[in-house]
Structures are given as structure tokens and as C-alpha cells.
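Starting off with a structure, shown below.
Each chain gets a letter, A, B, C, D and E, in the order it is written, and its residues are counted from 1.
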Amino acid sequence: GCDGEVGQIENLIVAQGSDADSLDPHATNDQPSSRVKKQIYETLITQDENMELQPGLAESWDQIDELTFEFKLKEGVKFHNGEELKASDVEFTLLRALDSAHVGHIVGAIDPEGIEVVDEYRIRISTVEPFAPLLAHLAHTATSILNEKAVTEGGEDYFRNPVGTGPYEFSNWEMGNEIELVRFEDYHGEPAHIPMITFRNIQEDGNRTIELETGEIHIAYDILPQDINRIESHENLTLLRDLNFSTVYLGFNCEKEPFDDVRVRQAINYAINVESIIDAVMEGSGEVATGPIGPEVWAANMDLDPYGYDVDKAKELLAEAGYEDGFSTTLWTNDNQLRQDIATIVEEQLLEVGIEIDIEVLEFGAYLEATADGEHDMFILGWVTVTGDPDYGLYSLFHSNEFGEAGNRTFYANERVDELLDKARRSAEPSVREEAYMEVQEIVREEAPWLFLNTGEDRTGLRSDIRGFVNHPAGHHALWTVYVEDEQ
Amino acid sequence: MSEKIVEVKNLKKYFQTKKGPLHAVDDINFFIKKGETLGLVGESGCGKSTAGRVLLRLLPATDGEVFFEGKNILKLNGRQMRKARRDMQIIFQDPYSSLNPRMSVEEVISEPLLINKIYKNKKDINKRVKELMDTVGLSQRLVNAYPHELDGGRRQRVGIARALALKPKFIVQDEPVSALDVSIQAQILNLMEDIQDEMGLTYLFISHDLSVVKHVSDRIAVMYLGKIVELADYNAIFKRPLHPYTQALLSAIPIPKVDVEQKMIILEGEVPSPVNPPAGCRFYGRCRHRMEICKDTNPTLTEVEKERFVSCHLHP
Amino acid sequence: MSSQIPNKGKKEKTKKPPKKRGQWYEVWKRLRSNKAAIVGAIIIGVLVLTAIFAPFIAPTHYRTQDLDNRQQPPSFEHLFGTDNFGRCIFSRVVYGSRISIQVGFVAVGLAIVVGGLLGAISGYYSGHVDNIIMRLMDILLSIPGILLAIAIAASLGPGLVNVMIAVGIGSIPRYARIVRASVLSLRDQEFVEAARAVGANDLRIILKHIMPNCLAPIIVQGTLGVAEAILSAAGLSFLGLGIELPKPEWGAMLSEARHYMRDSWHMSVFPGLAIMITIFGLNLLGDGLRDALDPRLKG
Amino acid sequence: MFRYIGRRLLLLIPVLLGVSFIVFSLMYIAPGCPAAISLGEQATSREIEQLKEQMGLNDPFIVQYGRFISDIAIHQDLGRSYNTNAPVVDEIIGRFPTTLTLAASGVLVAVAIGIPVGIISATKQYSLFDNVAMVFALIGVSMPNFWQGLLLILLFAVGLGVLPSSGYTTPMHMILPAITIGTSSAAMITRMTRSSMLEVIKQDYIRTARAKGQKESVVIYKHALKNALIPVVTVVGLQFGYLLGGAVLTERVFSINGIGGLMIASISTRDYPLVQGAVLFIAVTFCIINLLVDILYAYIDPRIKSQYK
Amino acid sequence: MKSKELLKIKDLSIEYRTDEGVIKAVDKMSLEVGVGETLGIVGETGAGKTTTALGIMRLVPNPPGKIAQGEVIFRGENLLEKTEEDMRKIRGNKISMIFQDPMTSLNPVMTTEEQIAEVIILHQNVGKQEAVEKAKEMLNTVGIPVERGKDYPHQFSGGMRQRIVIAIALACNPELLIADEPTTALDVTIQAQVLKLMKNLKEEFETSMIMITHDLGIVANICDKVAIIYTGYAVEYASKEELYNNPLHPYTQGLFGSIPSIDEDEDRLKPIKGLMPEPTEIPDGCPFNPRCPKVMPICLKKLPTRTEVKTGHFVNCHLYNGNDDKVGGA
């Protein structure tokens, strides 16, 4: 059958490459945690896999004025501890989130004074200044609604006694190893199919594939590109591949010679055969990025021309910039296999145009610190537009207020870009925003503070009898819709 | 002949051990006359080697004085001491560990010359090394040999050559022959005697082998557990030992003759530990003549006859 | 003293003194008669030669890529096949010998110099100095070597030099202990006293009399230590701490190859074998040296 | 004996202080700020500053270290992880048994192989068995653990499909990792047992035993083995410690979530309390194992027993 | 010959094959020990004394050692032809041995009474309990307090350990006791204790004995007959009185000349010149020829044979071979 009857398995085993750090939405903002939290908690608003906003715990919402939204909560929603969801919980949650170092930025636009409980089921939320992406931010797992009583009772240990309103409730956590969730029987929506979920931590990427093959697990997240063929050709397995919100880029330090010259940056964009990188490093997965945000993000500019691989053009540009004999520089990356592989190829290809690169691999911590301080020449990083809204993907990265740690590690500054980003952020009008973002993307593409590499892809391996699973571009996938197809 | 070249006064050496201070040498007094050989005998662990080493300041003394040609060498500073060392040398028991396995015969013998900068050029040093090798009866072809290629007797000769290199006046011989076979032992003993006669050397000859000591010494000191119990002319000691320990020691040596009937005095028990030794006479526990007084009062070394010292309550 | 009687049993005594052949000659003689050690020495010899002549042996540079010919199985063109960048694995393994040798010897060299010095001071002067140094060593020893190396490498950041330092520091205590023990046993040897008796000062005694005699255990431990260092470094590389792209460190090659193991066995097998054979050779040589340096230990 | 154990445990304190100081310093001088790492690539400087203040990272080194030490001394608490906010002790307790099991199984494998093979090799010196065993022992030492682990997975999990490849949920899961981690130690123990046995067989008291008319097998197993095991016990003890550390690689290969992985992860996220906790835990374990070995020693060797007062 | 023959060694040769070459540690050795007799074997380091003893016990380590030829006839039976099984019944029971170094010849991890009891259990049909009782008796016999039976070897001094070794050797009341330099490692006063004990026990147990030593004093003290050996080769063999009063072989004479006398004054010792040859480079002919003051041309060529110069006094020397050249290699 296929219309949602209870699956035949008792326990859905899902493997990912790392254990959750914390199940307190305000304590961390890492993907493995979010994937678990997604099953436990709910947000006021949700985004479906097409990134359309859908009602979540809020049945409906209205924009009261430029700064304020009013949300009407669904009634009769129960937390896992039996409490009922009230507007006060929402207020509590948002205030707590604002205080959190980890997720503060997601709700940062909200004015703490401007949260107003209208009645038990109605709440108003205001921002300090007009902030168009607010609704998208409220769909982020970091704004999952908590129960005040549970949080207070949980105290310092709340992170391992999470209480939400979601379809699964927390059952057990063997730290570092696995987390067990069980179906929440009082769930306000359609109950989950499978009674129990176990998130297993299998660090070695290749091992997740092996475990999937040997039938030890049902779902494996983040399948290695190298294993794509293996799973796709396996008779009992299915591979789901979908583009996601991530973009991988090679940034130039635009304040430093020679990258302060736009021609040099463009030249490098021409000098690199991005397609060959995608082929060699990612086994062809994902897509060549033509601009700073990928097609899944709202208002992505799909008309941008890819630079393409053109060594002659690159040489020409370099010559114009006065580097006909090339130059030596460094390329930084952290100890991430993908980025290292990219660096390896970039190094080799840039030799063609006379640019000699020293690759420096830094440890993640050191890497973040050094790139924030602007010590680097070139570096490789990625960005995930978690909210699916271009503000998240463009503002931090290209606004000159956001130098360094804040996200703009290329130290790229362009007044027009700043102006457009500010405008789009403030405007409530989607078309105005869209237009602004389109222009930003054009400028950025032209001025090339990045070597645009690729848009990422989520690869989830499933046993073939698993149904109802869809990749969510933000990377945290819903599991309550999953069931097992009957063998008939 | 009666000039004292070495005089030891109240010399003490205690080692700090986990169990307490180990009285290796406990207040000994003696002197050595120029040109003579003083034999120092005693059983294993009684402190003979320690005495020899402290005397040469190879080990720091705990207390006491050592006069060499009138100077208290324990008070000399580094430079003076280095100078004094030229006159006082030592030959060791173990022909294996006393030579650096990584140094050739030539290197060993020339080391003292180099350190003390006796000669300016290499040729002179080589000449002197050859000379020394001749003196001790080492074939020239061995100059480049390493210790492991030599047998015990030859090694001991190398050790002797090293000791002679600086033309010392006084040599401490710490059991120089006890590791050697009898036939080789005799060769070395003869050699040392010849050298002594030739160079007018003074020896302190340490050994546990009484027959050897008797053969080489003019006077003999008998040690027991860090103390000298008897000291006298060799003849006197052998003909008429006074201390009960000396008596037992002498009687215990098997005599290689078939026609003499030997009466061994068998001591009970074994040498007690030198850590925190008893207050009284050190020999108390094994003595055949022990008396009440011996238990708590340590006898002192007294001259009971001319040049005859005994430390025993039987001979007050 | 020699016999006057002509003796045909023994050869005529030579007039000229024979060549100076120290203990090392004996050691060499013993080593030579040990087949396993010779095999080890040959392996290490070949390795060293490979490292020296890498550019002449390797058909391509270790970084030369050919993205169209990725993961090719072994062939005449590429004896060990190619990797995921189409680089010739044979060339990379050949160049990799340079890194392994460097890492092994530098790390152990560092450990020997520092550890040896500490051990010598500790052993020679005993007392408080000894106590402080040895307690320090205890502290270092109470963290398992690889973990210490990880901690050090992580705090210094990835890179081969840091790996060398990390691995080196981790094995300092071992050499300190060995040297200290040797010094302690040598300090009271009579030849040391003899040197003092002829007026040698501390410096001379340590350098001329004690150190040369500590050499044997250090050499043995050092040889085996190089093996361990290479393994540790490979381990660190495997964990991502030794990386210096695009240098062909064997451990890093293995680490990268693990994602391709199932399709392209050659990517992991050859660097794996390279490590194995190197360690094998060092162990054979180390064991042989131990037997040769201390014949008493020989079975 | 008890006084001896007491004294040894007391001596642990300065060692652990030293260890914690070294680790703390290492972490402190390491570039990269825990707050920034914890917040990830997409954090803002305001957030980082806020978190730094919250975590007390703006205090001078001595203050931070002092706080850490006083927390242990006063609250008997290792603090909470920067990353997860879980008590460090809980994080460790969650993973430590796994690592300990892994190391112990490794030692078991090593001893089960190493000692018998070593004995046989020694008693049949230069025989075919001896030669083959020694070559295998050498291969065991020479093969990088992680590579061996990967090969075992390929063979037994992928190829034959008889054993699981990752995680630790059932004892079956421990088989491959234990073999992986145990073989190099097995090799070490084999060689050690063999050479120790050969050494002992040459001793005078073995000759005495033979001169009594004792059977060769009794001479070997009664007289020689116990003496030969003395140095082997030290090696086994050391190997245990070494395996605790070496588990890092094996854990990685088999995706076992043990303390090694935790330590590496916490080092790279600069989770100071967790690193400290993990290292201290391992150091304590290591020291306790050493103590146990020393006690075991005394059991085997009466000469040593008399020194423990 | 005082009495019946207990042990007869005939032309015994033992070799060690080493990297440096073949060492003939024992070379055509012939000796006899009568019942109740004590034979002293005297020789310098490396002469082959220990090897001879091990040869009798058939305990020569193999490899590298090997008994090349000869016979060891004990009570009329050639031990070299016995099975290992039979040999084990003899060791520790009929023939036992005391080794040179008391510090190392006891198992450090077994209590003393266990070690004594072990040999009793092996050769006497008794249970463990009884064996331990007997072991205690033995301890008593050698003068060690019985309650110390539970102690380990390291808790005893050298002299006491040697007594424990003696207790083990005598526990089964052997017919022949081989003592390999039992007192060399001991101090003179302790040596005297041990020698006295051995003498007494020998009489009490009526044991024949081979006393290996390099000390002519000990031989004079305890032995009936003496064999002087040089480079694995018995150069002179006679009753003690005969040998001491009338040493014939130049080596024997040299030995006597080398030891300082305790009761007489001599100015100079008369040592043997030269050194022991390397064990792998034993000269042709008489091995002593390079050092012999009376060397003759024949000595360089021929190994002298055993000649009975007087009843019971055998010498291997060309001086006493008469002009009989034929006996050379017989």
C-alpha cells in the first residue's frame, strides 16, 4: 500500500557523520543536531521542500505594520511533557533565543521589547528595523518553540532532556553514539508512521554506505560522491540527490595585492576548469555555481553567465593587470577533504597561467580565526543559506559592514552592493527585494570576489523499501512521513 | 724511608641509601711511608675500595682529612687538585670496566698526557706511549687495539700504563689482580714490583686475597665493616695476628700444601649490614672472644706494640 | 713477553700495528652475518636511494595531474596506477619516501637530542635535577604517545614539520630514560673514575667517556623509533593532521584512498605496502643492530 | 603493600597536575578561539564576543587555568563541555567504556596470540615455526593499524558480509576492531616473550632445574615461564596504555564513538574542558594500569615485592 | 686406587660451534673417580672445567655445544648412550651438581623449600607434603633455620644461598656430587664455612665428589686426587700427595710457582710466561708448547699422550713420554 499506513519496521535507523551536540535549539546550530531537533520540535512557520512558507505552530499570520507581525497559534497543541502550547512559550522561546550566542543572529532582527503576547494564542513580534526575511528566519530550527516549564526544570541539562511539540519525543541518548526518539502519541498533527527512530553516529563516510549495504541501517545521510554509483546500482538501495542551499567558493582577499585588482580575480575565474573539479572531486555531483547563491534559494539569478574555462582570456587579463609572468601566493583551506581536493586541483590548474600556489592546510579553529583577521590570500569555504532567503546568503558575505568573522572574509566592499542589500532587507515588497538581489548577484559575479565553484547537493541513501522521504534543501529532513512499503 | 707520604685522619664516608646512612668507611686512620706498600685487606663490601677512592678524592669524603705530602688534599680547589692528581693514581680491579670500550690502547694511555697537557706535540706523546707500553710489557703492535681484543692480563697492563703516564709518586691499587688467573696474576705482581723498585713508588694495595697481600706488602691493614681492626708489619700480622677477625681470616685461607695440617677457625654468621651498624664492636656478632664491653663500646685503633695497631678490647 | 719459539700455529706477528678497528668493526662483522639484518639494511638502503634519486626514478612529478585519467589501474605507464586526480601513484610513492625518511629521522633526531641531553643531565647529576627531569618525563609518559602527538599537532596546526615536532616530543621520555639508565650504569664504571683520576673534567667525561658508550642502546632504539615515528606520522596524517598538500605523504595517501578503496584497490595498497615494507626493514635492521651491539642479547 | 599503593596514588596528583597544565597550555597557545569554532563559519563577531565573555575566555591564562583546577579541587567537577554543555564527566563516561573495551579486547587478542607463540618460538628457536612466527610478528608491527582495519572491513564486512563494519552495539562489533588494534601488540608481545624466554633459558637456575632431572616441559613452564613473564607483563601494561591511545585510529576506521574520537573532536573545536577531561581520564587510567602492572609484578617476582613497603 | 671405580671418563671431547669457529672445550679427557673419593679438577679460566662437568651430566647446551666423542661410564654404564628419560632419573638423584654462582643458580620466584622439595618429589616416591618435610630437614642439615624455607632466594646472603644449592644437590643422597667452583664467589671466611660443611656432608652421606676449582689451596684441603687441565686437556692426573710433592708437568709446576705462599717469604713469583691461547686457536702439538720453558721440537708437532709415570700418576707431556714417538695420536 502507499497511502500512509503504519510501516512494518519498529525502529528507523538513520546514520549521520556526527552525533548531535545538543538538543537545545539555542545551544548549538550544527547540522547533526538540527536533523534530530527537526523531529522533536516545531517552528511557528515551516518551509516545505520547495521553500514555500507553510503554517507550523502558527495557523496564520498577518503583517500589522512595517515592523510587526501577529501570529495566531494552533490550539490544543501538546508538548511532550503534557503542557499545552501557549503564546507565552513563544515569547519565552524568542527571548531566550535572542540571548543565545549560537542562534542569536537568526532572531537578531527581533526587538526584545517588541514581543507582545496578545492572548493565550496570539503573539506579536516586531523587529527593530524593517526586516523582510523575518518569516523565513522563524522557520529555522533555531527558532523551534520550547516549553518554558520544561526548560526551567531542565536547567543546565535541558539539552539532553528536550521537550518539543514535534511528532517524535526524545527517549534516550547514548552520548557520542546514538539518539533514540519515540513517536509522540499526542501529536497534534498526523502522527508519525514509524514508532521509533535511532540516529546513529557513523563518522566514516564510507562506512555509512557499507552499513547501508549490509542492511544495518535504513537511511544514510551525506553519502560520499565516490559511493554514488555503488548505491545507485545496488538493487536494494536508492539514492536521493537534490541540490541544497550550500555554495562552495574560493574567496580572494580583496584588500590584498594582487587580488585587489578585479582583473586578477576574473582571470582566476577563467583559469579554473570548475567542471573538471566537480567531476574529479565530487564525481559530478552538484552544479557549477554561476553566482553567489544556488538555484534553490529564492531570488537566485539564473541568468548569470558562467565564466567558463578560458586560459587565454585568463592570461590576457593577468597581463593587463601587470602579471604576465604570474605571481606566487597562498591558498588556505581547513582539514576538510573536499576543500583540500579542490585546492589540489586549483593549484595545478593555476600553474598554467603562471600562478604558483602554496596550499596551507589549517585546523578549523585556526582557519576561522586567520581568515577573519584577513591574513590570507585565497581561501576555500562554503556557505549555506539556511533560511533559503537570499538575505542570509548575501548580506553577511558581501556587505562591507560584515568584514571578517561576520562572514565577509573576502573583505569585498562595493557601495552599490551595500545599498542594495540594505534596501532588500528593509523592503517588505518581494518584487523590490528580488530586483535588488538580482542586481547584487550580477555585480558580485562581475567583480568576482570569489571563484564560483559549485552548488552543493544532498545525497541520502535509502533502502529501496523506504518511502516518504524527501530531501530538504536546508539539510534537515523530515522523518515522520517515512514509512516502509509493504511487500506484496 | 720513614717519611709519611700519605696520612689519613678520621676519614669517613657514608653513602645515603634508602634504608639510612651506609657507613662504608667509618673513621679510619693510617699513614703510608714513602716507598712502601701498604696492604689493605678485608672481605667484600668492607669498604676497601671506598677508602681508596675517598683517599684520592674520587669520591667526596663525609668527614676527615687526607694529607698527601703534607697537604690536605680534601681542601684543595679544582686547579690545585688537578695538579695533585698527577702524583696520585689508581689501578682498578676489573680489567673490563676500567677501560673505556670505545678507546684504543693508545687513546687510553695518552689521555692523561693530553688532559694535563704534558707534551706539546703529538710525536712526543706517541713516543711516551710507546715507552709506557714497553715498561708494562705490552707489544707495540697493540697500540691500536681496543680493550675487547685484549685479555685480562693485557688490559691490566694498559691500566697500569695509564696510571704511570703522569709519573705519579703514589698509586692506589684496587684489587689489581683478583680478576686474573693465577699465572697472569703472578706476571702482573712481578711487574708492579719491578716498577715500584724502578720508580720508587708508594703503593696502597687493596685486596681480599691475603696471600697476595702478604706477598706484596710491607705493612698490612685489616678492615672489617668500614673500620681498620688491625694494622702492622706483614710479618707480625701473619706470624702473630692479634685481632680475632684477623686470626679467623688467616686461618680460613686454604693452604696449597699437602703436608701441613690446617686448622680453620670457622666464624659463625656473616658480615652484618653496614647500614646503621651496631654501636659496639663491629665484629661482636661473630667473635669467639666477645665480652660484655664489646657489645656497646667500639674499641679504638691503638698502638699496642711499636708500629702495631689493633682495635680490640682484648688488647687495650 | 711473547714467546721466542717459532710457532706455526699462529701467524707471524705483524711488524706494523694493525689498522684501528674499534668495536664498531666488530658490530659490523656481527651485523653482516645476520641475514635478516642485511635484508633490513638493504630495504632501508633502497629506500634512502629512492628518496635521493626520486626525481630520476619517478616518471612524473608527484603533483602532476591528469584529470582525464583518474583512478586508472596499474599499467605499464603507471606501474601503481593513478589516483583520483590522475596522478601517478608510483611517482607519489617514490617521492613519498623522502617525506617518510625526513619525518622519521627528524622526529627521532629531535627526540634523541633533547631526550638524550635531559637523560644525560639527569643521570650524571642525579639528585634534584634528576628528580625534576624524570617527573617531567613521567608526566609526558602518562599521556599515550599518539594522543600527545595529536594534541601537539592539533595545537601547532597541520603540517609535516609540526608532525615531526609532535612525534618527536612524544618520544623524548623514552630516550631520556634510556640515556639516563646508561649514564647511571656508566657513571660508576671504573673507566670513568680512571678518567677523573687523571684529571678529566665533567664535560670531557660526559662527551668522551659516557656518551659514546650510550650510543648502542640509542642506535637500536633510534632505528626502531624511526619506524614508530613513521607509523605515528602516518597515523596523524590519516587523521588529517599531517597534511601538506599536495605532498605525497604515505599516510595521507592512504587516508585519501580510503574513500576509493572499494573501486580502486591500488590507491591504498601501494602506499600501504610502502609503509609496511619500510617499517619492516627498519625493524629487521633494529633487531639486527640490537643483536650486533649487544651479543649477550642474541637468542 | 597498601602503603605502597597509597603512595603511588598520591604521586598521581602532581603528575596529573602536570598533565593538565601541559594540555591546558597546548590548547591555550593553539590558534583558534573556542567560541568562534563553536559558533561555526556563519557566526557574527558580536556573537563570538558574547560567547567568549560568557565562557570566560577573555580572562588571562592563569585565571582560566586556576578556575579549572579549583573546579576540580572544590567541586570535584571537570566542568561542562563548551560544545554541548554536557558535564564533561558524562561525555566521557558515555564513551570511555567503549574505548576501554576496545583496548582490553585488543590486549586480550595480543596476549592470546603473543604469549603462546612467543613461548613456542623460543623453545623451538630457529625452527620453521619460529621463523614464520617472527616474520608474521614483524608484519604485525609493520602494518599501519588503520590500513589493516580498512582491509579487514573490506574482507569481512563488505566481501564476506559476516561481521559489521562500524559502531559498537554488540560484541560482534568488537571483533574486527580488536583484531586490528591487537595485532601490532600481539607482534610486540610475541617478540618480547620470545626474547625474554630465550634470555631466561640461559640462566643458571634453569640449568639447576635440569640438573635436578626435571622434565624439559616442566623446566620451561614452571621455571622459565614465570621468570620470563616479568618483562612481558610490563610490555602488556605499556601496550594497554598504548592501545588506549592507539584506539583513536581504530575508532576512526570503524566509526566507533570512543574517547579517542571525542578527544580529537574536542581538540579541533578547542573544547578545553572536554580535552582536559579526556586526557586526564586517559592519564589516570594509564597510571592505574601501570600501578596494577607493578602490583602484578610483585606477585610474580618476590624480589620486587620486598621493595614495596 | 683406594677403592672401586664409580665414574670413568674416557677420551671425552666436547666442542662448541660458534661464529668465531669451533672451540674444543674438552679434548680427549680421561679421568676416574672412585667410590667415596674426591677428585679435584684444577685449571684456569676457560680450561674446560665446567664443560667437563656438564658433559658428565649431559647438560652441555646444544646448540652450540656437542659431545663429539668419548665415554662417560658411571657404575659400568655409558651415560652418553642412555636415553634422555633415563638420564633424567640419574640427574639430581645419582649425580648432582652445584654451580659456581650461588646468586644465579636458584630460581628467584620459587621459595627455597619448594626448590629443594622439587628434586625430592622427582626422584623419591613421596608426596608434596612429605617432600617439603624432607626439604626442611635438608635445610637444617646445611645449617639454615627451617622457618626460612618459605623465603625467596634474594632474601639470603651468598653463603646461605650456596648452602641451599648444596641442600638441593644432596637432597637425594647422590652417589656423585659435582661441585663447580662452589666457593669462588664467596669471601674467605664464608668459603671456610661452606667447605667445612661440604666436607662434613660428604662424609655423612658417603658421597663421591668432583671438586672443580682453580684454587690449589682448596684442593689440598678437600681432595684425594687431582687432575690439572689446560685448554680442555688433562695434563696431569695423580693423587693429591703425589701431585703436590712431585708435580711433573711444566704447567703444573708453573701453577705452583705462580701462587704466593702464605707461610713462606719469597722475593719473586715464578709465573708461567705468556697467555692462554685463544680457544679457537689452540696451537698444534702440545697446547702448552708456546708457554713451556722446556719446550722441545716434538712438542710443536705431537700431542703428548697419557703416560703413567708412577702408579696412579699420569702425565701428558713429551718429557715423560720417553722416546716413544709412536704413541702420538693414539
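Please note the rule applied: a residue touches a chain if its C-beta (ideal position, glycine included) is under 8 Å from a C-beta of that chain, and two chains touch if they have at least 3 such contacts.
Chain-to-protein mapping (UniProt): B = Oligopeptide/dipeptide ABC transporter ATP-binding protein; C = ABC transporter permease; D = Nickel import system permease protein NikB; E = ABC transporter ATP-binding protein.
In this text the structure is predicted, and so the values were computed from the model without any measurement.
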Length of the shortest touching-chain route, subunit B through to subunit C (ABC transporter permease): 1
Those chains which touch subunit C (ABC transporter permease) and also touch subunit A: D
Between A-D and D-E, the pair joined by more C-beta contacts: A-D
Mean-CA-position distance for subunit D and subunit B (Å): 53
Centre-of-Cα separation between subunit D and subunit C (ABC transporter permease), whole angstrom: 23
Mean-CA-position distance for subunit E and subunit B (Å): 33
Computed distance of Cα centres, subunit E from subunit C (ABC transporter permease), in Å: 49
Of all residues in subunit B, the ones touching two or more other chains: 187
Multi-chain contact residues (two or more partners), subunit E: 273
Subunit A residues counted as touching two or more neighbouring chains: 204, 335, 362-363, 366
Subunit D-facing residues of subunit E, complex: 57, 59, 61, 87-93, 96-97, 99, 101, 104-110, 118-119, 122-123, 152, 154-155, 165, 168
Subunit A - residues contacting subunit D, complex: 19, 21-22, 24, 27-30, 101-102, 104-105, 108, 156-157, 159-160, 174-177, 200-204, 207-208, 210-211, 213-214, 216, 335, 362-370, 372, 381-384, 386, 396, 402, 404-407
Touching residues on subunit C (ABC transporter permease), where the partner in the complex is subunit D: 135-136, 138-140, 142-147, 150-152, 154-157, 227, 231, 234-235, 238-239, 251, 254-255, 258, 261-262, 268, 272, 275-280, 283-284, 297, 299
List of subunit D residues in touch with subunit C (ABC transporter permease) within their complex: 14-16, 18-19, 22-23, 26-27, 29-31, 122, 125, 138-139, 141-147, 150, 154, 158, 194-195, 198-199, 241-242, 244-246, 248-249, 252, 260, 263-264, 267-268, 275, 279, 282-283, 286-287
Parts of subunit C (ABC transporter permease) lying in touch with subunit A, wherever the complex brings them together: 63-65, 67, 70, 84-86, 154, 157-159, 240-241, 243-246, 256, 258-263
